[in-house]
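These are the structures in question, set out in turn.
Two complexes are shown next, each including subunit A; its partner changes from subunit B in the first to subunit C in the second.
Our next item is the complex of A and B:
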């Protein structure tokens, strides 16, 4: 019997709507949510040391891992599953980038820390929609800070900035 | 599928549910159960093949659970004010149970002692199954038949179903992502301040599940429906039986803790 049991914290439902935004998502679920109806081809990338340096220079964000989990969406665009550090734990998240290189959506896949999960709030995440590598992506600037979740919101913002730089420098040049 | 065809399929699915209700209602005069309750012990009553199906499945489950699942607990439900007393026939004999129901290989059923049968713990799931059969026969590929507490899906979905646990202040909301399957939930929590709840353990005839919530996922909705009562009564001891039906159960205890039983998902 195919089924999956999920327990959604009640406070998460209060903080953010729609309900989907509060569910801990698997990669497959996030893909289906962010690119409805698309199929996905994995296109995992291992960054070279030079590429990592170029990304760091372009985004001013440290690159933690050379391994990049990327899928191409059949409807055009890219799906990247990645993680950033919150306060103590990694925050797995996903970024959908459209065929023109702009952010389509950001989803938090999992949140393990006690505080700061306001980054799952849909309206906060919606601020990233349409951002490209040329956007400042500064917390307190074009991305609002969340009081009580400063570290998580800063690191997600940095993560999106880093992935947009990664897209521009690496993925956009990949042959399909 | 065109709209007219879809409406026809849906109308026929509702008719299939109404038919099960008319046959297996506890209180409606003329239902198979009312006719059986009015018969004298030993008198053979010819029942509809669908009622026979459900009754046979119920007795199989009674045998497999040593009577924890028992459709003759209607006497306790009437005593508790949860069912209206039948107006014809004798009052149930003390100690009458599922073993007093005699079924032939054909459609005739007789009672060895006066007793009352309530199929409320299994027939709703069966009705959902019949509605799904109708939809399938019309070529419907994606559907959900939800009878309130008992539902069955067509198509792999995933269908996202939230479980109403009737907790007063839940810290978490349980959600099931369901493929093509059946799902049933039973809880007595709404009755926790009353003396009698809607679920009776057939072995000692006492109310159970006043502080539990049980959800079962199985292929057939009749099984999911009936197994919620089995899990309520037997808890972890129901695991083998759940596996026999290729079913999985999620049991929440009084303290709010969840246990998964049966096949692993």
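Our next item is the complex of A and C:
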């Protein structure tokens, strides 16, 4: 006979309804904030297996998905919306890269984790400004760690590093 | 004894109701998020964060007859710094037993071993075990160092029970931290105030040492959800120095975990593996079908932990 004791986890799971996501910026809002006055042309990319391998080799960061959501800005530069692994869920974020291939800005679009939302602090995100593919982008090195938010800050740092490698190896070679 | 008759127990029903009620009604809160039921990781609460956890552990079936033990724990955790987490909790137990011990004698569970039921009594007891304090200090983080390392200390003080549990916690993550593996080594001397053998008028403090080596792995297969397994190897010694070993058992089983923004729930099911062997101090009749059933060894365990962050 099946014990009803086994239903206890089920009761518990039923009551654990998903928490509302905290959306700080939509893609459109982030675009307007990061490239004021610009218009955007979608240039979505599907990375080939060889490109993914090259990006991973260059950045030493795993590529989570071959699908890349990229827009060209009319004022020059690129806007990329992507995500990294968080403690419980993915963390959607956006990187603006200028026409010279340097980070213009980083924005956190949504943050749904219990702790670690200090990665939204402007002063922490400002550390990425001006970084290029050749920067170390190492947490505890050229990017300061946030104590108590280590997982999120490391994954966002890795995410920016991966997207800079993606820009250098793939986007910079795209015909306009 | 069938599971159906076990379930008829009024005490068991009351405990189930309390657990479910607790899960539903507890105020928004949380402790160190437990991806595993038994194995600890080096993930700690950040400074100033608070959590409340409720544990329920069901231990079932010994050598024969029936045996059910429900261990309850209500815990408050606090992040003193980003690397130091402290906790305080109350432990309580309900148990029933009948013809469960060596050679078919009714034997109380280990936390209530000072009780002396007759060999054919139907034993049923509910008792407070003790208060515990806990501190975990993280030396290395799995997110910035090659491996996570933490040390853990937990004193427990009760009316007839004292314990000092020390742990070394190791954690290594893979696949962008979606695959978490952890290893714990535990050394825990414990003392019980019990009747002196051969003289029921006298009591004294006796001791034994638990030494455990536990390993677990869990993969986050979907947002908020992870699943894996836990493997426990538990030893008991009638000394502080790894001599006079009495018991050695292995447990293995699956674990599932839900982690949300305000709460988490973890459930583990373990079955003892038929890998037990006799040692110098093993009680005669305590090993059946290569499984050890002495003290806190039983055939099945289910542990459910729920935590709320605030």
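Structural remarks
Going forward, the second predicted complex is superposed on the first by the 153 of 176 C-alpha atoms of A that agree within 3 Å, B and C clash if a C-alpha of one lies under 4 Å from a C-alpha of the other, contacts with A are read in each partner's own complex, and residues count from 1 in each chain.
Throughout what follows, contacts are C-beta pairs under 8 Å (C-beta built on N, C-alpha and C of every residue); 3 or more make two chains touch, one makes a residue touch a chain.
Given the structure is predicted, the values throughout are model-derived calculations rather than measurements.
In the superposition on chain A, A:64 contacts subunit C only, with no contact to subunit B. In the overlay built on the shared chain, the residue A:139 is in contact with subunit C alone; subunit B does not reach it. In the superposition on chain A, A:89 makes contact with subunit C only, not with subunit B.
Of the two partner chains, subunit C is the only one touched by A:150; subunit B is not.
Counted by residues of subunit A touched, the larger count belongs to C, out of subunit B and subunit C. In the superposition on chain A, the residues of subunit A contacting both subunit B and subunit C are 1, 3-5, 8-9, 13.
Residues of subunit C touching subunit A in their complex: 2-4, 6-7, 16, 19-20, 23-24, 30, 33, 45-47, 49, 56, 58, 79, 82, 141, 143-144, 175-178, 220, 223-224, 256, 258-263, 265, 267, 302, 304, 306, 309.
By the touch criterion stated above, subunit A contacts subunit C in their complex at residues 1, 3-5, 8-9, 11-13, 15-16, 18-19, 62, 64, 84-85, 87-90, 112-116, 139-140, 145, 147-151, 154-155.
Put simply, subunit B touches subunit A in their complex at residues 156, 158, 170-181, 183, 217-219, 246-248, 250, 258, 260, 263, 265. Residues of subunit A that touch subunit B in their complex: 1-10, 13, 23.
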